[in-house]
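One chain, chain A, appears in both complexes that follow, with chain B as partner in the first and chain C in the second.
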Partner chain A sequence: MLKYLFKRNEDIPPGTAAVFFGFSSIMWFVIGTGLGSFNAAKLAFPDFVTGTELFSFGHMRQVHVLAVIFGWISMAFAMAMMYITPALGNTKLWSEKLGVWNCFLWNIGLSLGLTLLWFGISSGREYSDFPWFIDLYIAAFIALPMAFNVWMTIITRRTQGIYTTNWFFGAGVFMVTIVFIVGNSPEWFNLTGLSEAYMTWWFAHNVLGLWITPIAAAIAYYTVPKVTGNPLYSHRIGHLHFWSVVVFYSTPAAHHLMSAPLPEWLKSFASVEGVLILVPAIAFVSNLLLTMTGKWHMFVENVEIKFTITGVMMAIPLNMQGGFQQTRAINWYVHGTGWIVAHAHLALLGFSTFLEGAAVYYGLQTLLRRKLYSLALANFHFWFLLIGFSIYWISMTIAGLIQGAGKIYEVPYIDVVIAEHPYMIARWIGGTMVFTGNVVWLYNMYMTAKAGTEIPEGRLPHELAYER
Partner chain B sequence: MAWKFDKPLYSLADDSQNDAATHVWEGESLGGISEDNNRLPRPVIMLLGLTIVTAFLITFPLWGARPNAEIYAEYVQMMDSPAVQAISGDEAKMEYLVSNVKDTSLKSFQERHPLTMDDLRMIKDQVIELQGQGADLGEYSVIGAKVVLANFEGNLITDPVTGKTRPQAKQPWWDKGYTIDVFYVLYFCIAVLIVIKRLPHYSWKPDHSIAH
Partner chain C sequence: MAFREYKIGARLFGVALGGSMLITLYMPTVDMTSVAVTETGLTKQLSYGRIGGFSYEDPFLRGEGKPKTVTLTKDPSTNADMEAVQAFVYEPGIPFPSGINHPRTLGPGVTEVSLDKGRIGEADDTAGAVFLIRRGTHQGETLHYIENATATRGWKYDQVLNAGGDANTAYVGSGKIMFVREGCWWCHTLLPEQTQDWQYFGIPPRLGDYNGESPTAFGSDRKAPDLLHVGSRNSSKEWMMMHFFNPRLVQPHSIMPRYDYLWGDKDAEGKAIDFDGWRAAYNDYAAGETLTPPDVPSYASNSEIRYLMDFILSLK
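Now for the complex of A and B:
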């Protein structure tokens, strides 16, 4: 990467930034899930690594969360944007050099931010844990350069139309920048009390709703038609999806605070909007599954489609949970329990990870012009990810229901801890499977770059998957 | 940006705009990807309608809202009576209170929000003070040991304690949040309808062989 930082833009091969983002994202995924496995082990086996403050759960938890969100998910998004945005506009990335610098500064800033969090320097606000100067760094050197590159690539496209994926990309980078700057306002302006709580959850909700969810969906809008060769089922359903994300996902922040002393009318408003996130979900799932018509055999045969359609189908339980768990009727029971942890992992490790995993698989093969080194290892990765995630999700959901019952019926806390113990072990097993799968993935992609069979001109990687 | 309003549910664009749109649609390849012009399937439209109706219905009853002080007023009234004082043990006292309330209209709320004698002792003085001021206990939430004015904003009333005009702190039938939601959803549906009706009608099927 370093050799490209000071080269002229014209001398940097197209796709360089995307390749660096792709490998960075996999590395951060390995680190993030490794930390997750470590943290889960501490919950499953309380005597595991004790006596060192730096390795206590309180120091490690947020490092795992932000490594996964800013390292894996967001860098995989950046990778997808750096190669899909120009591809859809029949053009090159506006500036490869900006992209390479963006990737370099992203890795530096994230390493610094996570180290500070590890040492306990934190804003203390969930999901926006970074201290204010790291927030400034992220806005200036991560979010804005990425946004600028995406916007300029869309503006300088060589097509008249803009494909659905690029609507989401263009809007997503705008929305996440606003969400990041406004959502961190408690730190800029020292807001406290309800204002701080509301802004914290406005950020946390929208970083999911206006960044992770729409960008992951945008990737699926590219992967499925591209790999299957089918036209996207409906341009007009794409409109419904896009606008319902913008309208309905941006408003329900208050549903994270149903028990807080916010005005009740605001909670009512947010709660209705919270159920209405099913509108974009229905539009998205129906559009993508109908696009698969006649190509369902690829769900079994093709790695990218396997990942993508699994992610698309996870949008169903994800949004059913998300839509209804925030209503007053259910929230009083599940709030503050492992159910929510399970739901967050369904969103990040289930739905979005499977979608962007496909983008990284497909993008790296396309950009490197190398066939996947091992299809068997890719399938191993898929199944370890899916089974590991499922164990995690199911065990944490059950643990959450136990905690909810304990909370409502005032069961002594230690009894709840004992009742949850088997599920904490299952959580660790599931998380460790995910981590193992990711280590295999990193090896597979490294070997793809190093020793993968070259793809001849005019062919696409998935066309050669079963050819020797 | 010409508009056509003769058949608004068919199309809001005139023929020349539709021709231009179909020309672009079929004529250019977006990185090798093409798009169809299918309508939203009817079962999906029904599902969306069901979702919108459900969103309002499932959030309307205030299950999960905090208990109000009115629920416990009769407990407070009875807790110092000789009959209760004669019972030994807090659990037995509470059982007596629960099974001897006369106003059965609040029974379901009392079952949903049980409390202990210790909880009751903590809110007792506050409830009695509010009753003495002539306050409507239904407007006050019980949050742990505190009895505070609820966060609802209903019809304007004259506060029985201060004499000032303020919104009633009870869930009104028209809740401001739901009212905003009704208009919000309506505007959304109209806006998306306009966006979609500006596209070529769904009966037109693009020919994907032209650009590829």
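Now for the complex of A and C:
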């Protein structure tokens, strides 16, 4: 890929940026989940790799979190945008060269930022942990070039209307840039106190609500109709989804701080808006599941649909939890416990990862014009992700309920730690399964690029899945 | 972008997102910045210094460029006995916290009294300064304000440091940096919850407890006891020392990592600490081969563990 950095734009083959992003994202996924598995081992066995500053839990935890968010999830999004946006506009990516540079600078900046975090050089603000100069780098060399490329591709499209997926892409890159710049502004202007604490969570919430959730959903709006051949069930429900995301998902930030001394009106407002998240959620899930009508056999037979529909169905428990756990009636019990950790992994490792995984599988095969090297390994990947994640989610949910009970009955904390121990071991086993699945995935995609059967012109990869 | 619908849509989009930001950013910020800082809030910002994460004065998070908290029982200039006070000492070049640089952030009342009676406007960070927290009134309301003792009482930073001595000096601000850098807040929250926690972890914080503090390091994922009032529950330095060196010494079921590396290379007498020897002896003890664990080494007065312990014990 690096050889294209200094080529003329016309000489770079279409899809180069997307392939570059695709492989980068898989590599970050392997790194991120490897770190996750390592951290989980430390929670289960505290003297595992002990006595060195760099390998202590407090130095590794945030590296795991930001590696999966900025490396895996966001780069897989960029990958999807680099090939889906032009495909839906019946055009080429506005600038392949900008895309290649974007990916290159993204990898450099993220490696640098995570290294600093690893050494403990942090702003001390969760999810916006990067020190301010890394934030500036991310805004200037990661978010803005991506947003510009996506916008210019949509503007120079050769279709009349804009398809649902591209509304979300166009709005998402715009919103994430605003959210990133505004959310990190306390560091640039040295804002302090509760305003800073609240803005930290305003950022964390909106990155999820205006970037990760809608872009993951937008990918499903593409993959399901494309692979099944069914048209989207309803554009009107798509409208409802889009507008309710913008209105309802951008407002409940304060529900992350329900037990902090924020103004009460703000918490109540956030809580009500938080329940309304169910509107886009139900619109999205029903729209996608109804699109599957008559093609449900593909849920079993086809890898991309298997991933996508699993992700879509995970949005049901995800939003049921998300909508209600933040109300005062429930939040006092589960706030700050493993329940929330399980919920966060349901959003990022369950819902969103499965949707992006499908986009990366599908995109790499289409762009490389090569059939998947091994369907068996892809199924192995799917089941290791799903079973590993399920073990993780169930064990952390139980651990969270134990913690919640310990919290409200105010039992000595050490008894909670003792009671949680078996679930910490289960969490580590689940996380390690996810990591193992991803290593297999990286191998499978590498072999696909190297030795996959070529796809003839005019055929789609999934049509050939069972042919030799 | 030829369609009329997209023009309407783009405008509606701007209205929706702008309205959302008006309600979720502008209105809460106006609300929260109109709150007067409490005594807790003043103590925190004066003892932590300007900023608690990455900063110009401390780019590698080593706890540099932070004030010191000195407990005084004698007036440093006259040497006369007086009621114990906490003095926050800013040596020359140590940047001031937000409340001194931007007194408006102290909130209504506190700002005026700190400026008029406390004379904080005269403080100069190139010359160093000593601050105290005082109780006063403003328009009939009792409040706490900052007094610039360098201006009002002529206390010089070096006089105060000498009067206090190392035993009465706490590196609270540097310790907060250790707390952030070492990721203590990934497991220990600093936020007792309003709905419970009162009995076990103490009173939840109030709205004015945070003015000027950055970052607040609330923590979101509690895997260990809340620490906001830990200094009131347990103020034993011996216990803390053993617990930081190897938590399993005092709590066999703890899953906290060992922070023995914060001791640095040398102990309080300047002798090299034999970590390998200690670990071997501890392993023998853990295996049941010896009856008592090895002694935890003493820590040097400028070691990172001293900073961290000073911070933890300041959380009353």
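The working rule: the second predicted complex is superposed on the first by the 468 of 468 C-alpha atoms of A that agree within 3 Å, B and C clash if a C-alpha of one lies under 4 Å from a C-alpha of the other, contacts with A are read in each partner's own complex, and residues count from 1 in each chain.
Going forward, contacts are C-beta pairs under 8 Å (C-beta built on N, C-alpha and C of every residue); 3 or more make two chains touch, one makes a residue touch a chain.
Predicted, not measured: the structure shown is a model, and the values here were computed from it.
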Inset, instruction - Of the two partners chain B and chain C, indicate the one touching more residues belonging to chain A. - result: C
Inset, instruction - State whether A:Gln160 touches chain B only (first), chain C only (second), both chains, or neither. - result: both
Inset, instruction - Once the structures are superposed on A, label A:Tyr222 by its partner contacts, choosing first (chain B), second (chain C), both or neither. - result: first
Inset, instruction - Report for A:Asn90: first if it touches chain B alone, second if chain C alone, otherwise both or neither. - result: first
Inset, instruction - Using the superposition on chain A described above, determine whether A:Phe269 touches chain B (first), chain C (second), both, or neither. - result: both
Inset, instruction - Go through the superposed model and pick first if A:Gly336 touches only chain B, second if only chain C, both, or neither. - result: second
Inset, instruction - Quick one: classify A:Leu43 as touching chain B (first), chain C (second), both or neither. - result: second
Legend entry - First (chain B), second (chain C), both or neither touched by A:Arg236: first
Legend entry - chain B versus chain C as contact partner of A:Ser250, first or second or both or neither: second
Inset, instruction - Mind working out whether A:Leu377 is in touch with chain B, chain C, both or neither, as first, second, both or neither? - result: neither
Legend entry - Contact residues common to both interfaces of chain A (with chain B and with chain C): 160-161, 243, 247, 251, 259, 261-263, 265-266, 269-270, 328, 332
Inset, instruction - Note which residues of chain A are touching chain C in the complex, please. - result: 42-43, 46-47, 50-53, 56-59, 61-62, 119-126, 131-132, 155, 160-162, 171, 175, 178, 182, 186-187, 190-200, 202, 243, 246-247, 250-251, 253-254, 256-257, 259-263, 265-266, 269-270, 328, 332, 335-338, 340-341, 403, 407-408, 410, 413-414, 417-418, 421, 424
Inset, instruction - Spell out the residues on chain A that touch chain B in their complex, using ranges where they run on. - result: 84, 87-90, 159-161, 163-164, 222, 225-226, 231-240, 243-244, 247-248, 251, 258-259, 261-276, 278-279, 282-283, 286, 290, 323-324, 327-332
Inset, instruction - Could you please specify the touching residues of chain B with respect to chain A in the complex? - result: 24-25, 28-41, 44, 47-48, 51-52, 54-56, 58-59, 61-66, 143, 150-153, 171, 175-178, 180-181, 184-185, 188, 191-192, 195-196, 199, 202, 206, 208
Legend entry - chain C residues within the chain A interface of the complex: 1-3, 6, 12-13, 16-17, 20-21, 23-25, 27-29, 31-33, 35, 41, 45, 50-54, 59-61, 97-98, 105, 180-187, 189, 191, 193-197, 199-200, 204-207, 209-225, 247-248, 251, 253-261, 275, 279
